[in-house]
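By written order: A, B, C and D. Residues from 1 in each chain.
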Amino acid sequence: MVMVVETSALLTSYLVAMFLPPALGMIAGRLSSGRVSYLLCSFSCIVGMMCYPVWNAVPGFTMTFPLGSALGDYAVDVDMLTSIFVSISSLVFLMIVVHMSHSGHGYRPAMASMSCALFVSCMLCMMADTVVLVLVAWEVVSLVTFLMGDDGGEGGHRWRFLVITHVGGMMLICAFTYMWLVSGSQYLHDWTGLGERMGATASIAVILCLFIGFGTKLGTLPFHVWMPDMYSGSPTHTSALLTTVCSNVAVLVLFKTVFSCVGTTHDMVVPGVALCILSAATALWGAMESMIQREPRRILAYSSMENMALVTMCLSLGLVFSDASEGLMALVLLAGLLHALNHSVFKSLMMLVVDSVEDVTGEGSIDRYGGIACSMPALSAVALVGIASLAAVPPMNGFVSEWLMLQSLLGTDVLASDMRVLMPLLVAMVGVCGMVVATSYARLYGFTFLGRPRSPGASEPRAQRRGSLVPLVVLAASCVCMGLFATPLMDRMSAGVTEAAGIHQGYTAALSGTMDPLVLGLMIAGTVAVLVAASKVVSYGKAVDDTWGCGGTLDERMQYSSEGFSQPIVRVFHPFYGDTSRREGDRYSTGFTEPFVKYIYAPAGRLVMVLSERITRIQTGNIQSYLSYILVTLVVALLAVRLL
Amino acid sequence: MIPTVIGILQAVALVLVAPLVSGIVSKTKARMQGRGGASVLQPYRDIRKLLGKDSTVSGSTSWLFRAVPFVCMGSMIVLAMMTPFIYTGTLAPFGDLVAVVYLFTLYRFSMVLGGLEGGSAFGGMGSSREMMMSVLIEPALLLAISTLAILSGAGTDMGDISESLSGMGLLAVGPALILAGASFTITLLAENARIPFDNPSTHLELTMVHEAMLLEYSGRGLAMMELSSMVRLTVFMAMLGSMFFPWGVATTAEPVDILVSVAVTSAKMLLMTVTLAAVESVLCKTRLFKTPNLLTASFMLSLMAMMSLYIL
Amino acid sequence: MNTALTSLICAMAASCVLCIALRNRRCIGTLMPVCSIVLMVLALNLCVPVLGGEVIDDGPFYMDPLSAVFMVLVAVVGCMASVYSRAYMGLENREGVVNHRELGQYYSLLIVFVSVMMLTFAARSMAIVWLGVGATTLVSTFLVGFYSREESTEAAWKYIILCSVGITIALAGYTLVYASTVGVIEHGALDWPVLMAHAQELDPTMMRMAMVLVIVGFGTKVGFVPMHTWLPDAHSQAPSPVSGLLSAVLLNCAMYGILRFHAVSEITVPGFSSTILMAFGLVSLAVAAFFIASSRDLKRMLAYSSIENMGLIALGFGIGTPVAVTGAVLQMVAHSVTKPVLFFSAGNIIQSYGTRDMSAIRGVGRVMPGTSWLLAAGTLAIVGAPPFAVFVGELTILSGMLGGGLVWLAAVTVVLLCVVFAGFARNVFPMLSGDPPSDVPIDGSFCRIAPIAVLMALSLSIGLFMPEQAMEWIGNAVGTFTGVVG
Amino acid sequence: MENAIIGNMIDLCAVMMLLTTVLAVAMTHMKPLIRLFSAQSLFLAVLALIVAYSSGTSHIYIMCGLTLVLKVFVMPRMLWYIMDRINVGREVGLSLGIPGTLLASGLMMVLSYYITEPLLATMHTVERNCLALSVSILLIGLLMMCTRKNAITETIGLLMMENGLFLGAVALSHGMPLIVEIAAFFDVMVAVIIIGIFAHRINRSFNSVDTSFLRRLRE
């Protein structure tokens, strides 16, 4: 009894420590120009990072809040997987907030209080145990990111984001409401295996709604169009939070609802394959698009789209495998969730790097950077870690999750033969995507940090604020650590996955290869270290000279341009990209318009407007016609009553 | 203990034999062109010479430029440890075929970044073309090796695949293996910047890919870059010889087996080297934008290999 | 007689008389809001026990939880509108748009308007309800046509003609209902409790026709498409406090008239009037969604949004399951609380910018940050984004649809709600950002913001935290409705 | 016998009301239109008197008196007064020609009979006719409002609708409760006054009471 009291007291104080400071921070936005809010938010982030240990220490991490809403209670229920997600997301959040408070943009009170709000809503959404909390928290995440996207401009990108995520939100509302009705309980923990009660058709519909609903936030085709504009139009920290923490929320809740609530009692192969193809197409699209963007944040936006598509691909493969092999299902789900976590770490690192670069140079296009590695070696080093993780180069963390993904794809001989055909295609897709994004990241890094400075801003970068490198270093270290010590992390997550999805086998059952990321990483590092050490032993002369310029002198305009860099791939894949040449006056350049905007969104918008104009004509302004509407309605209604 | 020693020895052997392979290719090519050619040991001499020289670096480069050769060399050495060459018991329980493919990515990635360092048009051009080709090479490579993994049914460990395939005997020879082998051969040429994809012996800006990225390196850096690319060629050959056609490779650490394996592997390597030289002499370098045709063919071959495995 | 009721009615009479008598004094600007606050307090005093389940059946008065919900809304929104009027009209007066005499007229009309609406909900006889609805039209016509501009005269004209026709048609419905009670009910044939008690015995054929007339008639006043045509004109031309009041509570008045008969007719002819309500609801929702998307005039857009919300409410009542009806009541409460936020903040903006054309308004966030935040929050609230009140209503109505097996209806509704969202987002958000014109006066007086903020806070708290008690009240209101229907 | 006579007389009055309505639709000038409205109201009053006499319901007498005073005398005077004040043209302002409107009115009548047919099973002949006539007057009144542009004409249309409604009320159920009737009268009175005020305003603004000028608010 005493134990129970203590447990609940611990939980209460933990949750209070997690949510009260940011709640105060929301209000205290203007105090000391936001510093107070930042501090409070950082404190809670640290508390949030301890979620996993607390979960370990406390059996049954559940709590119902004393306040209820019209639709039911607010309650949280943290399982193992959730606690891991909360911990890592909190870490990422903390780093972004710390960087935000140190960034050159100075303290922005509104941003401070809104990041508090975002923290609260993201964490609540991950931990939520009741329908209303999930939905409210989820939509508040959208709203807050929408507000944080304000960069003082016209804000077209923001409302596009808001509308698209609202469409997704509506789908989620429908799905959750339906499940609520079927289950008769507002508590998500009562929903386990709800699919059995819902029937096959309803389950499939709900799963599709969930995937597409969360997919709007993750950039699933064709709902990705807000991403590049939002990421490039908003303050970088907003984009960073959006692509990391918010995506984590989406992935986790999607996973929990699909695999824990709906479950896979019915045959999910067909919807799984459909979603898988959609995700694969999204991944390819994102990879290809990121190749030809010029703004670093757009590159990262499309890369987020690609990464998140890989995650949703894994989750949908989880559906496909659900019948055939539990081990494989555990493996592929683990791959997806781990990739989401890894992505949040390296993508936040890259976003912060981009912010720092933009900050010190005052430029916003990779064609105007260059040579920053010389002037800021430390920044370039952490950036390299981030880029390497993004490109899934061993021994970084990105590699581990891609390795798991490929492992799961290679173990697919358990499937029925007609589904097996899909797998080579997916392997090929992962390979192509991986290389295209690697090209894209090489381009991003190369043109940002290497070569000669291409603009005055890049040649004389401003000094960075003191301390702003710290979060970058921490994140870079996390990238390396999560890569090296992936096995323990995988084991814990796998326990969480199997627990949540009701799988009886661990991922190791399906793992056909032997690989130890730690040893591999150490081998690489060791070999390189030995080589370096060996070269130090025998010293030799070094001279510094100009780059060979075929006899002339080179200036910065003679470097390869970023457009030129991607040109060969654009030419090879020209049917995909279409005509990219643009002519402005007597200058030619390359440009790209989103075909989804051109062929889907714009016509849909026009259709609505045309319909609106047609309908608007009934408002003629003439009272006689208004009266005749009443007359006609009355007569028609009376006649209908008479006839029916 | 003994297997580990043999594993280390075969990795060392692989690295050491790499210049020789290059030398033999050059010599054979020269003979085919009716020239005497340099000695087969010339690459060793080149590397020794380069290692002893001072290096000159461009003023516009950063620390990364100097780090790249080490990373390239390091990744190739690690790769050498993972490749079954003479003996299937590699040092690679820490890595598998996926890791191999991604190690190639690491190598290429760092080389490309090194190429972008100099700030001249050449480096960028080389990097750009390299990436263009790799977009098609890499998936083909992944698929080809994956086909082997599935064909052998021995998981994704390179040594196990090799061992299992050699144990299967002629049963393993089927459409999947042939198609995957063909694909891998094309990949080998493309990956190692051989004709018809690239000309390793030219410095003409319109034709070169790989060399353009190395243009700014000198001295010790260049030595490591050259050596690592030689190792890469040898690793590919070793993979082709010991994984796609693994018969004769030692599956146990018995001295007899090892000796037999050394002999067989040497013969295989020699055959492949001469064939490579012959191919390079017969074919000519294609236009850059023609290369995707062949690369796509390789990609399709490997895809078909994997498909045939699933369907048949 | 119930003391709370008596005191409320006395207070109403007193404040009306007082305001009319003192209309030319300067103090009217303070007096009227004070009166409305007193009325609100008394109304709450009356309604809280009623919401708790106590039914007042007292001579000509009858109040059950359903009417109490309506009355509370009138009281609260009316009070806020009066307080806001003080700021709004004060500014109009200072700028010379209205003179003192008109100001006095405005306030006295406003208090009469609010009182009449309150009285309507306390009536026992449906005839009084009809009279109340008619009287609100008459009073509010002057408020709609308050600015003697050509457009406001036009709006007022359309308003009174169309609504008079509407209530005449409704009265025809009454005649039929009454005719069907001949021989069934001896006394008090149009009293709602009596009608409910005898609903089983009424003539179904007569009732069907009567319901058509009542729904079309009162529907004109509610703003069902295609009888809604007066609504955007009136809402856009009235002074903003009045627009808020019209949209938030006047439409409810007419809805109340329909609902009472709906409850009766659902017993007499089950499923008949609910079908009509659903049809009108869906059509209103659909058409209004497209109107919103293409609106250029800020207040007209808000007016169309009222039509859309009324459509949704009608859908909820039409579905008729307890969940759906709860949703409809919640939606009505939410709409009444949220819509004035929008109209009032629109009022601030329009006063400052001097235009209602949304494409001409830019940079509100810079010039009037308070209003801008409230408008943004109100916009999100009205389109049903959590955590605001409308979200709760919409979600409950949706779950009513899904629970009632009306999946296609739910799908169509969701699509239309998305169109509404997109329309609002497209129109409102550009106004808030950007560069404001140079000549916009920066005016942030307390009274201009405070009532809006109060309503917004109310909307937020309904959305986020609903005390058990309040939920029980809503449940009681629904119970008086579905208790007999289901 | 007596019942039959009374029934006939009620029928007659109702038909006369319809006739005046149809005639009103056919009018092109204001003066006869207002007279026709008076006549219609007069028939309503007579009908109410007969019903009151035959059924012995006392409050219908009150209604009869109110109709007589308000609708036969006061309202027409008021309309005259308004017309004088605002000095409108004497035309009713057609937006649909007389023949067209008449045809439409005929259609409305047919419709009314058709619509009310299911209700008739339980009724006497007199009531049957009155119900159908009441609905048709209602609809024709509305039709008149739809097709006439003059503000005053619209008002008359509204009043005629109201008359039709009272016809129904009196004939079907021997009147509504007194309070309803008084309320309705009151409402109509005030409505007409307010409409008058606004007609005046319209005239001031547009120098005409032709409502087709009121087309500024549209979208």
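Just a few scattered comments:
Just so it is clear, a residue touches a chain if its C-beta (ideal position, glycine included) is under 8 Å from a C-beta of that chain, and two chains touch if they have at least 3 such contacts.
The structure displayed is predicted, hence computed values, not measured ones.
Path length between subunit B and subunit C in the chain contact graph, taken as the least number of steps between touching chains: 2. Among the chains present, the centre nearest to the common Cα mean is that of A.
Between subunit A and subunit C, the centres computed from C-alpha atoms are 42 Å apart. Note: centroid distance subunit B to subunit D, computed from Cα atoms, is 100 Å.
Between the CA-based centres of subunit A and subunit B the separation comes to 36 Å, rounded to the whole angstrom.
Taking each chain's centre as the mean of its C-alpha atoms, subunit C lies 31 Å from subunit D. Residue numbers of subunit A whose C-beta contacts span two or more other chains: 616, 619, 623, 627, 630, 634, 638, 641. Counting partners per residue, subunit D has 115, 118, 142, 145, 154, 211, 214, 216-217, 219 as the residues that reach two or more other chains. Counting only pairs that meet the touch rule, the chains in contact are A-B, A-C, A-D, C-D. Per the touch definition, subunit C reaches subunit A in the complex via residues 157-158, 161-162, 165-166, 169, 208-209, 212-213, 215-216, 220, 226-227, 229-230, 232, 276, 287, 290-291, 293-294, 330, 380, 383, 385-387, 391-392, 395-396, 398-399, 402-403, 410-411, 414, 417-419, 421-422, 425-426, 429-430, 432-434, 462-468, 470-471, 474. Residues of subunit D touching subunit A in their complex: 95, 108, 111, 114-115, 117-118, 139, 142-143, 145-149, 154, 211-212, 214-219. Residue ranges of subunit A in contact with subunit B, taken from their complex: 370-371, 373-374, 377, 380-381, 384, 388, 391-394, 399, 402-403, 406-407, 410, 413, 417, 420-421, 423-425, 427-428, 430-432, 434-436, 438-439, 442-443, 445-447, 449-452, 512-516, 519-520, 523-524, 527-528, 531-532, 535, 540-549, 554, 556, 558-561, 564-569, 571-572.
On subunit D, the positions that touch subunit C within their shared complex are 115-116, 118-119, 121-122, 134-135, 138, 142, 145, 151, 154, 158, 161-162, 165, 168-169, 172-174, 176-177, 179-180, 183-184, 186-187, 190-191, 194-195, 198-199, 201-202, 205-206, 211, 214, 216-217, 219. Contact residues of subunit A toward subunit D in the complex are 616, 619-625, 627-628, 630-631, 634-635, 638-639, 641-642.
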